[in-house]
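Each chain carries a letter (A, B, C and D) given by its place in the written order, and its residues are counted from 1.
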């Protein structure tokens, strides 16, 4: 009953095999290997356009480095207050940008709109006394497991262009979004105005690789210097390249994402049917947010369920009473239907008789 | 009709005289002069305790450097969302702390409470994934011209000690607070748990000097290194020292602050009596925040009044309608009653007949 | 004929197997897994003392993060001018420390002495006008493939303690040093005064893992925050842990290092016997530095040999004439005797008849 | 007998008068006042070209902020090892640039040449593993009181343009250079390829004002943001503007510099004639560097002379024996001939009979 994170799962066998298969002989280090080159080529194919790519080992690095290529140290990045970059990266964006600010923007279910951006931007009227508006960052799928449609992204992209701002997308769970939406990777990114994407693979079956994908070559120009000084140039880069190639090969990335999404849907169906539990946000990707009585939550944990309660005000769509707790369940490529059934049955039973 | 800022006024004659009077001969540079030493001694007297003092030329430097002595680069500082450090210093705290975060806390009239701090702090449950709660910063008088009582500060100080956090006070207008409250400087700072105070003088009649006053010697230990690497060690330090001595001498600082406060009270009385205008916050120091119809605001500006409209949501105490604008008037040691009367009479007339 | 770097080799089969073997099931992420714990326990055994350990994916991260735990942003780190942290990490130490300086110290063959440190330290007499001397960093084995004896390290360690400075060791090739010297890991580190060691594994057969090993628990206290904000907390930490365990298991790390060292000795013997070639530094670990005529160098490259010419003034032990070039050959755990023989025979032939 | 620094002198009466004269009434704050505008206009006249100007209060701020507008955080700045930015600013350039490196270049008397730059630049062959060469910084007059001719600067400027590097000049004592060389300010700066100049006034009679003068408008574009986030936007900017206007008015700046230079020449003549004392560098501006026996130095200090011994290896033009000490005497606009005579006579007497 493991629903704590998609990071607690291991590596998909096909990716593990690829790591072993690239091991022979000597190849150039620091990302100049053929596997990394092949990964970049496949990403270009996938996104149907020329891209600049750099592979790194963590999502925090991908996001913070991408932002550092987009904004000056005196800039500000508009993002949702619940954005991972704002709440879970211990200041990596601030470090790598040299002190740029994240200006939180409000919105339900961790999504922001052009209207909310406009309101936030309108408070920047003091010239050099305030940080310069420089970029917007959105997360797809969001931190509350919801999705932006291609149209919604395009609206944000258009607003950014109108203001001269860059647009970054944290795609730690981009695969889950593509799998769910049916839109093409291109439609969800550069065609909608995204300048740089953190294309995640780790949460969806890789060992540890994320691609920073630049659709605009300008900010990518000296990106390798930013990556190196952050200690994120991996010396034996072939193992990142091999992972990414295998991740994309034959659509593995969508296959694993579809599975995780469907498990979340199944879990939501079961939990949502329990009277004591309310879903806190639409379940559109691989996460389920729910509100339940604290007593039930504690009983579930005591019974061996693994998942987290979630700080903050939540997605803003369901009331969280004083005796309630907001919790998050995440499904991964490894989640099995029987695990869903087990935790759901447990929750049903405990909600009727918590003792 | 100059109400744009207390910074548009010049230097009080007694302070200007002191600058001239210290000019003779050679003295040690970089703050090792007798005038700076005398300023430190007088601040110790004023605060009735041992203090460590460093004089700098700007309030932004005082605040950001003080914070950099209190928090690690991976720390966070809880402050009001409308705090000057959060909205008007272009990232100086982020730069000098090496990337620490400012976590905005809500509260009416730019004031925060232990309850609001508790709620904000409660979202920091993710260990090293989030910045470490490290300090609280409050402003006295606040950005909306309101005051913390000694008891309110002490409650925040007690909460900080309970959590192991440091407490900083931005006292750019500390003089206005002391003049208004009748409490002693000690009661409003270290006796209430303040670790470091930015003791402002510039807005209240000096040319450009602020004292960073440490009540706890520990974070002051190597503070001079932080100041130097920020370019804020003034080579001819005697002129800062002389300003501060004259500012304190004979209670000049309270005399000028009392005047500015009384002018604000007078302005508030006049403006508050105009039906079209509502005061947006209690007028407790030297600033008046008011809500007025945009048409009236534009008429006042056109008639030559100098003051600012204020971005953001305001103090949260008065409704700002869609046709309204929130504006700020600041009084200084130079503000004259006839200026008050002139702008007030103008506002009265224009509110009746804006054409 | 691959001698460009020990990073161009792949992963040792036993380490690759361990990666596969840890793949089953779900485990805690972000370094809280049992494999990482086991790695830490084994490092404690190896060093015969309590240690605080954090595993990261690159040597640059290990070095720069370790230094950021030792020095304030206004500090300086004394290191050799040819130190990897000074010449090959694109400012990672400056970034992670928040702007601390690396003060280059002179010395032959990339080694520094207490005397050279004393001379460098003696120029720091200006108080806060200069960066505060805060740490010394040495590399073992050095960038020129030479070694510090335990006694030499202890002399530096004693000097550091006398000045109140911290001592960091960049052990990217620590295994090669231990294998060559016969001294224990403890004798070469904490018993000699080393506070923190970057214990490398990547260059010596791992896929990508380095341990930051703290012998003093004090600077390790909040190290995880520094690591996280740098994006170096690996989400699926088990794969770092498993690599490190396998690397240490059964003395694999010394076995691979001994092999690399012996290959370098063999190469040095062959090249050193060629009249046109002079060894530029004693060959004590797995690197061979040599001076050769540029014409020979170019002929070797044209014939398919892979190795680098080396910028700068070299180890300072052999004259580099105007027609000469300084070059570096590195041997790895994969280097085969026949490769040595092949390049040596080629060099012999070309040195006699470069055409 | 005050020769410790040109900072120990006070403010020239004409500059003090100007400060008083600008005090009346209210003017715009934060540098938008007419005095600052007038200062900028006069600097444009002086340099015979369009310039972008920002006034700050310290030389460290001027230098570090100027560099931060020229180089990326992953860049390196070539400068002399004895440059003030490298030895006396406690890491301000590193802080404001976000971690850029200062790469020391060798050269006699604190001067660098295109040849030395070429040699230093030639070691940067490792791409993103090293900081990107981005700028050169020279000091005029130098830290050893020597001067670059217009031709020497132009040669450096040409080298910079050839490499695509920016050229910064630290002109803390630019007035002394212009006064001594007879070349025009334009010839010594933009006509010779200088992009940005820190134009000092403080050491030469002002209270505390330095102008960052951009000859290329490009890096100046958003400079105000960099200045603000460093806390260096002075709120009552009129007092900086008024100082600078008075400093330039009627050629005051050259008058005070000429005096200081002539005093240094006089002192050098007297000291150089004493057999026990050797001048350590040509005396071309307002500083005298000399080598003397330590016993004589100590006797001079004991007799009340104020000046500093100087750490490091010195200008490289005179041997400093083991019993010798290198010392610096600085003359200012206030230095009187009788002080020169007094210290010189004292040195003569003590050198004959140190007891």
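Note that in this section a contact is a pair of C-beta atoms (placed from the backbone, for glycine too) under 8 Å apart; a residue touches a chain by one contact, two chains touch by 3 or more.
All figures in this text were calculated on a predicted structure; none of them were measured in a lab.
Chain centres here are C-alpha means, and the one lying farthest from chain B is C.
Set side by side, the interfaces A-D and C-D show unequal numbers of C-beta pairs in contact, with more at C-D.
Distance between chain B and chain D, defined via averaged C-alpha coordinates, is recorded as 35 Å.
Distance between chain A and chain D, defined via averaged C-alpha coordinates, is recorded as 51 Å. Centroids built from CA atoms put chain D at 40 Å from chain C. For chain A, the set of residues that touch two or more other chains comprises 30, 73-74, 89-91, 94-95, 98-99, 128-129, 131, 225, 228-229, 233. Interface residues of chain B, counted against chain D in their complex, comprise 2, 4-5, 7-11, 16, 19-20, 22-30, 56-62, 64-65, 89-92, 94-96, 202-203, 207-208, 225, 228-236, 238-239, 306, 334.
Contact residues on chain A toward chain D in their complex (touch as defined above): 30, 72-74, 98-99, 127-129, 131-132, 222, 224-229, 233.
The residues of chain D lying in touch with chain C in their complex are 73-74, 87-91, 94-95, 98-102, 104, 122-126, 128-131, 311-312.
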